[in-house]
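Heads up, the next two complexes both have chain A, just with different partners, chain B and then chain C.
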Partner chain A sequence: MTLQEGHPAMYSNKVVDFGTPVKRSDNTVTVHIDGKPVCVPEGTSVMRAAVEAGVQVPKLCATDSLESFGSCRLCLVEIDGRRGTPASCTTPCDDGMQVTTQSKKLAKLRRGVMELYISDHPLDCLTCPANGNCELQDMAGAVGLRDVRYGYEGENHLVQEKDESNPYFTFDPTKCIVCSRCVRACEETQGTFALTVEGRGFDSKIAAGPTNFFDSECVSCGACVQACPTSTLMEKSIVDEGQPDHAVTTTCAYCGVGCSFRAEMQGSEVVRMVPHKDGKANHGHSCVKGRFAWGYATHPDRVKQPMIRKKITDPWREVSWEEAFEYAASEIKRIQAKYGQASTGGITSSRCTNEETFLLQKLVRAGFGNNNVDTCARVCHSPTGYGLKTTLGESAGTQDFDSVDFTDCVIVLGANPTDGHPVFASRLKKRLREGATLIVIDPRQIDLVRTPHVEASFHLQLRPGSNVAVMNALAHVVVTEGLESKGYIAERCDMEDYGKWKAFISEERNSPEALEEHTGVPADQIRGAARLFAKAPNGALYYGLGVTEHSQGSTGVMTIANLAMLTGNIGRPGVGVNPLRGQNNVQGACDMGSFPHELPGYRHVSDPAVRELFGKEWGVDIQPEPGLRIPNMFDAAVDGSFKALYVQGEDIAQSDPDTQHVQKALESLECLIVQDIFMNETAKYAHVIFPGSSFLEKDGTFTNAERRISRVRKVMPPLPGLADWEVTVRFAEALGYRMNYSHPSEIMDEIARLTPTFTGVSYTKLDKLGSIQWPCNEAAPEGTPYMHENEFVRGKGKFVLTEFQATPERTTRKFPLILTTGRILSQYNVGAQTRRTQNQVWHDEDIIELHPHDAENRGIEHGDMVSMQSRKGDTTMRCIVTDRMQPGVVFTTFHHPESGANVVTTDNSDWATNCPEYKVTAVQIRKVASDKGEWQQRFDAFAQQQDLLARQGFAEDSEQGSK
Partner chain B sequence: MEAAKLVGMANQIASFFATEPDRPIAVAGTANHIQKFWEPRMRKALLQAFDAGGDHGLHELVVAAITEHRAGLEPITA
Partner chain C sequence: MQSRSSSAVAATPDQLAAVDAAISRLATMRGACLPMMHAIQAELGFVPHEAVQRIADSLNLSRADVHGVLTYYHDFRSEAPGCHVLKVCRAESCQAMGSEKLEDHLCEKHGVAMGETCADGEVTVEPVYCLGNCALSPAVMLDGKVYGRVSAERLDALLQRAKKSTGGQS
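What follows is the complex of A and B.
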């Protein structure tokens, strides 16, 4: 089926705008719009009711993503029994109301309003980028404006400079009608409050701070551009390319929020990505990455041709797909014959679709004949899987994002949503502005602690590595002050485990006072926070990698589940345990059986019945022993027992800790197959390159942090000729293992056949419902927004003993500071995608943040180059001095390979899952004159060598080709 | 596989289960975790480090886990 043949998710560009937001109410009212009755929830505006009745009342300042404002005076209507002509956007419907939307009087009034607008608006419609999609133009047409009696010569706003400072959109004040939609979008939708209306009356103008958009507080989320009814705020891609001709609904390939987008297209070229209003994760909102940073997909750096080489010191040779598959398969067979079946393995990625991940683990288990398959979720949320399965019975978050609308008190622990999960952060901030309270537990003063109209009630600024101590102390206060939900616990939890846990947590050593020396948090703050959370009717916990990436990561997750059960906060909207997943498909990658000990649906390989189920479907015997996890693969490679690795969509050489150990492991491999859209850092150690396809080039599904399965839809052909799922199928065939699929929907059908939580999932149902939250089966045919409603998946909730143990990574005189790593808004993970977009203008190098006190002690000033040394290695970066940090703690990101942030991090890991301890490394910082450390100089030399080998290979190929 | 690293990892697991007041549960928990999550060559190397005797540095719960649950920790032979 081609796209043009009735693609189920293909829409025209016109999306119905209801003018005002949907209202929630148990009561309904019936109004008559031009005589037609329509039934709407109480509180609905007359404007919205009219649209429901099929009548578009002219409007300019209203749009359904924003509360009504009533400034443009275009949406006037007549209502029986009421005087004058009220604005339909600000007038709520009353039962029995008779509304007239069109009359001679109304037409005259509206024409008068439009006449005034147009008298001060450029008449360059034909060359305007909004031509064909301009609400002002549409309204002029709708009201029948034919003449402007005032002329155009008077005082006006037609000579003003464009603000082109933002790389993705322009601000042309000459086109502005000061409807305030942009200002309100920045406030209501995004919650940044970067825009304002400056001046009064004729002087009113939209302003982004004192200078321009780029230098303002603007975070480039695009909400203002989306809201603008004219071409005042306009995507530069539309200015350059023109309006789209069709749109396809798909899912963002960045973070775990999993926003739904409409890819707006001209032919097979994307001209704009617009957040999808009906997307259930994002409800029409977006961030700078998903909205604007998609240009990487067609970046000249894309690898389009398969390549092979025998040694990593050989030049690359571009080959056909057939030759690449044959060579890779022959190497796997040779290595298995020489070193045994267990000497090979594969790594899937949370950036890949469910279908691709499922196929890769199937290839390893059925084609390679072992269980050496892991996913990059290993290094981020594997403790979530372990911790929540142990306590609640299912390895997933308990809620949907909409749940936040019903929460009264939120704990954000080890997560920085405004940078890492911006669209969720906007929804959270909205709820906080409505009055919910906030407790932030983080070593840094993240933006949420204090942001416009939001202030945390408590910021527990703990020392890195002491999450478990803080959470234990919170639980201690709840229990010893009798604030626990006794009835809930008695009904829902295992009382024997609870009894043990209660005795443990009540011990004095778990009190905030006793733990203060480890946490650094004043005991009274912990007591206050515990009381606030326990007393809230609905308390919700949101957490991120600041919990999981610790030597006690799994214990940390279990402290969260303990506190949620203790306070009765699981099983309904507004509460719950909410892991904020890093990448787009972390949840999905875990669900799909890409952990070495589990088959899809979190079923252990030691279970004979499960092995038989999969073995029968796949026609093989599944190995009963768990395979190697990613860090174990590296150790086994260095040790000489692991020789071949197939890595899909993952850059382990940059993202994994203790870089020099990873490099040594990769150098030890005899066959490294890398499947990626770019020649990433790992590719420099590879023997085979399978060029990958971006999310725009293939069909599949992603599962976000809410367990929501959403479609990824192909909008352009794959640049290398094959989509990623086809590559795995063909590679398997070359290995002698046949996989029969003609479309990814058939892979999902197989997943559904084999996985009890997915039995009701199909592409047909996804097309019908838009998205589905698993479990989706006979018991829940349309999915499950929140889990553990009447009982926990494991039966009774299990309180687990969570003793605080300090990390083995200790500060000393030689390494007196603690480094903690994280991410920032404009870049994503290893930066492979965002570094190839204009997001670079916000963050073109990784920076070390340190406290003024630590800077002063070392004679360091803002902007200096500093060397950061740990027990594992050292690297050099620029620093900034900021009191966001606490004394003794420094922070950096790992978005740029040449920064070598992971050269410094250690091989310590979570006790249960081997998830690396990225968040705690003892370091020393000193000012240096050079801008590169020793490792960075080696990195540069190796990069140059590999670049040369690639060029040599291409040159030889083209010579041969010309002969 | 480097024995010292595996000993450290096993000891971390034992430290988690050490809080459990019911000793058989703690010992079984330690053994079960290693059995369920460690690939056979890791378990083999751990058992070798234990069998070599001397100062292997293993947490006493790991020692008890190996002693009492040895069969489950041995790699499955086809």
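What follows is the complex of A and C.
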């Protein structure tokens, strides 16, 4: 099913620009534009009102993503009773205003302005990359420019060098009209302030500060490129390919912000991704990954043909889909016959769609006949699910992203939004520039602590592993100083639990002073932060994996819920508990029943009614016992009781902790089926490869961090011939379990039938509304932007006792430093996608960051190769010395497989959910001469061997093919 | 200040110390960006490119913000000037009274054009737009002092006297 002309998701590549942003106001005013009455919110510009009345006023420096600026003088209008010709972009509408947008006088003025612009503009429209989509060209046409009286010979800006230093866009100053849209986009939309106008008067020039774009503060979000009305800032893909002919709305496949994009197309080829203005998560903004780093989808490394082999030391054999399904199914059946039904399992992916995830867990539960299904949320946000379900009653964040516009004080805890969730970070920074205050709780000095025009009021630079202590101390201050929201708690929370919790938290041992030795944070800072947060009218908490990936991860989540309830900050815009989800569909993967103990909609498998509901629909008996979690699968594999695993779109060999244990587990399997778009690290241990399809090649939905279900739309055919959901359907068939779907919309219909929070969701409704935040049912037919409005989902909010317990991972003389891991802006997770794009220019290796004191003690200098050793293993990386770190703490990322960051991490995990403790590993660091540690040498040898096996296989195939 | 800082010479440790001192002295002032630049230029005669990042860090501005301000004002120099700074007025009255001839003269006789420093490092010539001395056009300002009705000969004499004071050759 391809999109038909006129479908709401299919656009021409031109989008209506209202010129100035929408204004929020309770009052409306009516104005007449060229005689047409139009009613707009108070504060709306005349320009915007005109567009709403269907009248386009010529403009150049205005665009509706930016506040009006009034520099181009093209949008002049006449207003009855007013002198002169005011700029329509900077003039707010008054009730009863009569506006004339076209007159002889205005035409003359506008033509005069255009003459000046064009007298200093290269007249190479036919060979210009913006040809066909250039606002300057359009305006020249609109004002009827016919000749330029000034000639073209005078002093001009036509001889200037292009800046091509950014890998994704060019800056051609000869085309620039200095409208400042790019500068303002960098400030207002992105909040980086990397651009400026250099010089003055005739010498004015857009500049990325004193350097070129690449060396500047630019984070390559592309907001400037999108704002540019000419071809001055232009995507290199458009320079190379030309302008798109149509666009399809879809959803980004990177982080949990879930930005809506228009995939701008030529036929079935993407030429540019442009964030969708009407996208409710991103409102027309994006980051470097979503906008630019999509080239991996057509990278030559893509696997296009299914492959099989008996042993992992055998060469790969490319086979037909039929043969791959038959082989995989026969292996599953053989293994189940030999080792029992429970010896098999599957792992769903937070990168895949809801529909695909739903199908995979259905395959495991109905086709494999067990509950051995888990998802990568196990290793990231499983404590969020558990903690929020326990305290509030629903395993999800409470707000939408728009909520941040109404907040007064924000706590960012264990999250690094400018790197991990850049589009949300831009919105947060905007709100902070408007005056909201910020408290950062993080062991590192992340950018938000102090970045141009934004500064945290408090940075509680805690020791890794002491989140619970810090949060308890904050709550202690609120309670003991009487700053809690007594009325809110009495009305909304379980008072018996609250009484017990209050007694517990008030104990002296939970005071900031008592906990200082664990947290390393001065008590007065905690007291100050607690007062600031408790006194703010709207306080919001945003957190990430720095909370969940700890031995007390679930406790950490519950401390957040406790503090939010204590201060009355759940149930309206501007407040709430906001987990920043790592991957595009981690919320969705959890919702879809990926956990071994829960069927879709977070309903426990032990509940007979739930089992009957699903069992009836699926025609099977569902096992009442929860299945294996990912770490249990590894342990069982090593023990020899778990023998076959179907992994969809996840690279467990790289992303899961204690790599050597994972490798041993994978080597113990008799049948490992990997479904991925690339031969990832896990694929090296596989027996069957089902080539995957990228987000551009299939229909489905993703659910982002704000529970927003958005459509993913197929814009090109799947490279391997089948989309992922079709693969699961066909594989199930080969196993003898029939699934009847002709389109993912039918899978969503089934999800809606079976899951109360999804009752009202359908593709038709998604097409109509753009996106829907679940719960969506009879009570909330258009979805739920913020939850727990009048009461908590569980009824009364539950305060849970959150005793601080230090992690068992202790520093010793042998391992005196604490390693904490995370990610950076340009790379994404295991890097399978971003490493195959030009984002590599920003980060082509993982690097250890350490504090100058720790470096000096060890004779380490900036840029040295160092070995990092933990109780689990060791690896070698380059290091940088930076005071972003605190003494005693080191940091690295895990984007590159050869770095082996997870060789070092341990098997400690959250007490409730087994989420691994990636954030705390005791290590030692020393300077080394060699580039590679022992594990890395083995890694290289194995990678070479597997590469050879793949190539041998292909060579044999082609020989056979030629016979 | 049009030259890109990447091509500029690195500041000396003493100069950087002066930059840091000026910045920390004004760090708590509201809107200290321009005052910091003035203080640095007053101290060093120019604003070294390294100052951009340091001012930005101090005031929590972006480097681009500071660069934009610094380049907006022609008065700020990116490189150290000569021992003496000569400003030649280019405003209407002085132009009408022959200031362009003075510029030509400086070029021919002293080998220095507007915005440049002569080869011996003695004199930097800069344009200025009105010294408020129109009645006595053409006017120049040498090391902060205004001179009116300046002819080529008088200019030579002024420069010679100034150079002598710093021990330069005439």
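Details
In this text, the second predicted complex is superposed on the first by the 956 of 963 C-alpha atoms of A that agree within 3 Å, B and C clash if a C-alpha of one lies under 4 Å from a C-alpha of the other, contacts with A are read in each partner's own complex, and residues count from 1 in each chain.
In this text, a contact is a pair of C-beta atoms (placed from the backbone, for glycine too) under 8 Å apart; a residue touches a chain by one contact, two chains touch by 3 or more.
Here the structure is a predicted model, which means the values were calculated and not measured.
In the superposition on chain A, contact is made by A:A912 with chain B only, not with chain C. The wider contact with chain A, measured as residues touched, comes from B rather than the other of chain B and chain C.
Applying the stated contact rule after C-alpha superposition, one finds that A:N632 touches chain B and leaves chain C untouched. With both structures placed on the common chain, the touch criterion links A:R450 to chain C but leaves chain B unconnected. In the superposed model, A:E803 lies in contact with chain B only, and not with chain C. Look at A:T703: by the touch rule set out above, it reaches neither chain B nor chain C. Once the two complexes are overlaid on the shared chain, A:Q137 sits clear of chain B and of chain C alike. Contacts of A:P596 after superposition on the shared chain: chain B is touched, whereas chain C is not. Touch criterion met: A:E217 reaches chain C, while chain B stays clear of it.
Once the two complexes are laid over each other on the shared chain, residue contacts for A:D203 go to chain C alone; chain B is not touched.
Overlap of the chain B and chain C interfaces on chain A: none, as no residue is touched by both. The touching residues of chain A, when paired with chain C in their complex, are 192-200, 203, 207-211, 216-217, 450-455.
Looking at the complex, you find that chain C touches chain A at residues 2, 4-6, 49, 52, 56, 60-65, 67-68, 71-74. Remark: chain B residues 1-2, 5, 8-9, 12-13, 15-16, 18-22, 33, 36-42, 75-76 touch chain A in the complex.
Interface residues of chain A facing chain B in the complex, by the touch rule stated above, are 342, 371-372, 500, 504, 551, 555, 596-597, 604, 606, 624-629, 632, 635-636, 639, 641, 801-803, 805, 808, 907, 909, 911-914.
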